Amino acid sequence: MAVPEVGIGIVGYGMMGRAHSYGYTVAPVMRRLGHRPRLRVISGRDERKVAEAAAAYGIDSWAGDWREVVSRPDVEIVDICTPPGTHAEIAAAAAAEGKAVICEKPLAVTYSQAASALRAVERAGVLNAVGFNYRRLPAVSLMKRMIDEGAVGEVRLLRATWLSDEFVDPAIPFDWRFDRAMGGTTIADLGSHLIDMATWMAGPIAEVSGQSETFVRERSDRPVTVDDASAALVRFDSGARGVLEMARVAVRRPCDFTIEVNGSQGTLVFAYARLNELLYGDGSDRAELYGMRRIRAEHPSHPYARDWWPIGQGVGYGASFVNHLGDLLERWPDGPWEPDFVQGATVQAVCEAIERSATERRWVEVAEVTASDTAATK
Amino acid sequence: MAVPEVGIGIVGYGMMGRAHSYGYTVAPVMRRLGHRPRLRVISGRDERKVAEAAAAYGIDSWAGDWREVVSRPDVEIVDICTPPGTHAEIAAAAAAEGKAVICEKPLAVTYSQAASALRAVERAGVLNAVGFNYRRLPAVSLMKRMIDEGAVGEVRLLRATWLSDEFVDPAIPFDWRFDRAMGGTTIADLGSHLIDMATWMAGPIAEVSGQSETFVRERSDRPVTVDDASAALVRFDSGARGVLEMARVAVRRPCDFTIEVNGSQGTLVFAYARLNELLYGDGSDRAELYGMRRIRAEHPSHPYARDWWPIGQGVGYGASFVNHLGDLLERWPDGPWEPDFVQGATVQAVCEAIERSATERRWVEVAEVTASDTAATK
Amino acid sequence: MAVPEVGIGIVGYGMMGRAHSYGYTVAPVMRRLGHRPRLRVISGRDERKVAEAAAAYGIDSWAGDWREVVSRPDVEIVDICTPPGTHAEIAAAAAAEGKAVICEKPLAVTYSQAASALRAVERAGVLNAVGFNYRRLPAVSLMKRMIDEGAVGEVRLLRATWLSDEFVDPAIPFDWRFDRAMGGTTIADLGSHLIDMATWMAGPIAEVSGQSETFVRERSDRPVTVDDASAALVRFDSGARGVLEMARVAVRRPCDFTIEVNGSQGTLVFAYARLNELLYGDGSDRAELYGMRRIRAEHPSHPYARDWWPIGQGVGYGASFVNHLGDLLERWPDGPWEPDFVQGATVQAVCEAIERSATERRWVEVAEVTASDTAATK
Amino acid sequence: MAVPEVGIGIVGYGMMGRAHSYGYTVAPVMRRLGHRPRLRVISGRDERKVAEAAAAYGIDSWAGDWREVVSRPDVEIVDICTPPGTHAEIAAAAAAEGKAVICEKPLAVTYSQAASALRAVERAGVLNAVGFNYRRLPAVSLMKRMIDEGAVGEVRLLRATWLSDEFVDPAIPFDWRFDRAMGGTTIADLGSHLIDMATWMAGPIAEVSGQSETFVRERSDRPVTVDDASAALVRFDSGARGVLEMARVAVRRPCDFTIEVNGSQGTLVFAYARLNELLYGDGSDRAELYGMRRIRAEHPSHPYARDWWPIGQGVGYGASFVNHLGDLLERWPDGPWEPDFVQGATVQAVCEAIERSATERRWVEVAEVTASDTAATK
């Protein structure tokens, strides 16, 4: 009955470090796993804070430098929870040490960085995953499963919007989030999730036409180098069409997203504000019942439902991390893990295509990502 | 106490003819008007049906040819409710007879037609209006008023979506709606309302990048020459950004639209499915009440509220016609009427810019509309 | 093609007089009727106001005394829109003149009055109807039809709530609404609709246990003699159980009601705030689609749908009057009309049983109503 | 930095044992606690299953008999997660051993049992708490806080409903839930939460009038001795009035509850289906903003918000346990703990009053609970 342990090292003790710690703590309680995660070490530059975090999260030790984490022999998986601009370097170093790598999204702040991280893990032959956790919300997973099962027929239209008010207040001082080289764009911060879910559900994106705007152009007398809001028209390889929008200047929009797919036979709609539900309009339903079902995505037959609570009780944001990290741990050490760095780089390629399209005011094709590829757009 | 009459002639007895008849019938019951509409004549090509319609709608007489309507001396206002491809010709003929003209949207199926209709009414010096009735929903009017009063600060983002399933079924036989020359595009059919509201609320649109797709390309062995679904990125003159989407192939989406504006100080959201309500997120609200108000747009202080029912009871689609036609009758015969053909042509210019952009795969500027202008895009 | 007219006389020019005028005006436009209503006369005590109302509503003439209305030879239907305390007397007088009677709800302010009105119309053998207009909302009619067709199986539970803020402000001066003898109780004002719908859907109510409270006990230094809020437990003859609640002191509740039925096989929920929709939970639905459908109650197969607008557009409060009066006119002059005074008196019997139960603090049986019956409770 | 531990023993490994294990596991990760819970032992009669549960939940050991748990020296807190009929005996035994006791709701299946459990903990002088976890949902806690701060003025009306479909299927075989002596009533199972929240928010309940029904009267050829559905009218000591309803036979109602309070100045509405939100109608709000705010109950100023995620992300059912157990651990070992057994017995007194009222068909007063009191109703 003794479950073997797998050693985890977390780089970064901020909100994501906390969310992942929650995930590792809860996953073994909610589901049967072949390996129990053992949180060996967490790192961060503020030693007092990282020590406190280690104590709070029940982590054995802490370090002031991420290099300690990636080089420790008792760490088998390095989990990267730092600002986006640092991801690629840490991922490459961890891979070079032979560690499996779980990296928060976006994988990087440029496609080139993302491709280099991808090359690093492929060269090292280590398991790799990107933190597109929203896929693991039960209702989002159900949406994907229903699309695969034909519930909407052939996908024709997809729209997804992510609205937050994080950047509304012009008095927020400059920090790394406003710095293109470290925090990356709104496209990448919010949009990467949408792009991940869109391509997961509707296949690869062929080309995009984007627009971007920065409304608050200076903070603390420094130029803001990221967009406040962007949007893109999208053509999928399949011929389906999409619209994506992401904004951090939408007053009183508290970081909800919505994603809707219209197919030849049906419609599915997910809205984060009601995250345990999924709307389904079935074109073959009896006409006198015209309308959509609000599926409560907690039935025992639904993804992850058996890991959680009786129907009607609902999960929150944290469940996405539990389900994600649980899935990865379940497949330890043989894999496969998904979404992996190929998907991370693919999403980055779309982000970069949108960014370039907005700058160059033209449709931009999204390059196919392969391990040796470095050009996101052409 | 005797209210003078104004003679109305309606061209077309279909759904729009019916909705306008409803509007003329109800307006004088719900509000005090300086002139009572007298429905003199309705025309249509199927004589049995138009005779039935005249009887049902309480119209004095009927005609088989619209030319009879526009030339009758007792008709002072010609109200055009026919398919879009016929609007411009009828409008020009009515104007030439010195009649005021109310024309259903879209004003035409091309910008060139729209501009010619505009020139005709301007030359004749007659009052003119386009049937952008959704403006006159109480909650939409309230939204406009609140924006004008500064409730959201400076408008930054606008998104609007109109989803219908009208064209989902591939077995629907070919008719004029699928014919570019007669029915016009989905951009014009659904999108013209969105463009009207967007420009009303956020000012002129400077340029667009659009995409269009036709998923069911043949019906009754004839090629479908209109789009099933389109979308556009939009830049307003003010620097605000927008996203518009319109589709007639969204299963179990029964013709609802939504429009949201995010400004520097607040957010307003209208969703047709709850048409008596308006969501308002006020950025200056106390933080511990973080969220949006669901305003019941029926308070006596709200637009049109005193014309209708006690708060909480709500109006439906028909009220938009009553309010629109009531506003026009109230300003008879001196005007001004709005939205007028200038706005109708302006909207058409945007529709055409989106259509051209989708075809040419580039951003397209929207030309400024003036009476003598004929180029919608450059 | 000439449709014969039927002469209508309306007693009362207030909100209900206006709503009924709207109904008579619109009904013939929206549906084919055998008789076209001709509004002959409207009465009211304020001669200036009633004259204005007659002009606005397109009514041929006006009178200062309701007795003129009931005695006019050209009036075939008397429609009573006055305060509840006057209904029974006017109805009896109209019946005595051989007029058909349409009476706003509640039929009276006591069961005894209601029974006497019932006796009067039965003695005179005239058609009679009570203004339970909410039944005629398309979604409420659909709910009734689905229950009858077995969509929920055997009805077990019913709950209905009506919340308004009409009486919240203690500064509202005393008027007839606060006077038990003229305006009747909150039970009768709001609850009578709920009781009508409840008994229509689930059959007769056998007994009740009620509670009532008046929170603002004086207005303009006069005692308020009606309840602000009441509620009742209900046992139906069938064995089903119900809960009814009605209140006029619920802040920011703008007069919405909800009604839900849980049967052995399904659930139906109507909420007035989304009056064009009906929620349906079908117990035999596939488990993996667990949840409720939000039926858009405007499909051509739904009640009244063909009289109105394309699906998705929706109707408002006014449609309930159009549909109700349209149904009555359609059956003129042979009938039957429903709901009639028997139902009006039955509802009154339940109201009185709740009122008595609240006073006497015990369960009270509801008496069966017959034409000769006068005892509402035993 | 070393946090002292407190030894926990859990009795029962079912859904509640799991939920509490989750709570103990997560609480120290999400908030700073003076004592870290150490799960020493879990008990249950099925040794294989309890052993598995111990392994899954990270509990040091397991036992086949609850008596082992209550007598272990290293257990300081006994947490009772067994069927209701067993609570009182286990609680008394734990108290007698000097253990603090956390007991799942309802505290017992009769008031007499509840009172005896209360006497036991009071005699022993041990900390005691009842698992009314829903109080600890952030939005419910915010609702209570806002009421206390005067956001609704004087509470006048309260309504709460809990609908589940747990008992709909007549083919579910008989088990302890259908046995009055072991599982208790629907009143106690679902209603006890409502009564707890109602009395927390609006003060003591003075008297009740109830009704109960069992629709499926036999299962597995055994008589069902609990109600399927019940409801009660309620008078609070303050003069406020309430309506409570609870049912386990509402098809496609997945265990949601709603609670609404209408006061002299405002309205608050919580609906579990949107558990991170709270509707607030403020009577002093500007009239032209008439409506309710949908407060996102995750602002840093809100209860528990700082323990969880950034605004907009939301928590689920599990958070109620984390927050509840976290609060208890935070106050270890000095207390006070709340809600305690006095509240547990008070709620039981109301449950029993409703049950008696339904049987005896009369209003029943709720007895005041004191440590030495045994009569729930008089």
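In this document, chain identifiers A, B, C and D correspond to the written order of the chains, with residue numbering beginning at 1 in each.
Definition applied: a residue touches a chain if its C-beta (ideal position, glycine included) is under 8 Å from a C-beta of that chain, and two chains touch if they have at least 3 such contacts.
Keep in mind that this is a model prediction, so the values were computed, not measured.
Novice: Compared with chain A, which chain's mean CA position is the farthest off?
Specialist: Of all chains, C has its centre farthest from that of chain A.
Novice: Per the centroid of Cα atoms for each chain, what is the distance between chain C and chain D, given in Å?
Specialist: Each chain's C-alpha centroid was found; their separation is 41 Å.
Novice: Distance from the CA centroid of chain B to that of chain C, rounded to the nearest Å?
Specialist: Each chain reduced to its C-alpha mean, chain B and chain C end up 36 Å apart.
Novice: Among the residues of chain D, which are close enough to touch at least two other chains?
Specialist: Where chain D meets two or more other chains at a single residue, that happens at 253-254, 285, 290-292, 296, 298, 311.
Novice: How is the touch graph of the chains shaped: line, ring, star, complete or other?
Specialist: complete
Novice: Going by the contact rule at the top, pick out the chain A residues touching chain D in the complex.
Specialist: Touching chain D from chain A are residues 1, 3, 15, 18-19, 21-22, 25-26, 28-30, 32, 51, 55-58, 164, 253-256, 272-276, 296, 298, 308-319.
Novice: Across the complex, what residues on chain D touch chain C?
Specialist: 152, 156-157, 159, 161, 163, 165, 168, 209-211, 213, 215, 228-229, 231-233, 235, 239, 241, 243, 245, 247, 249-254, 262-267, 281-283, 285, 290-292, 361-363
Novice: For chain C, which residues are in contact with chain A within the complex?
Specialist: Residues 277, 280, 285, 287-296, 298-299, 301-302, 311.
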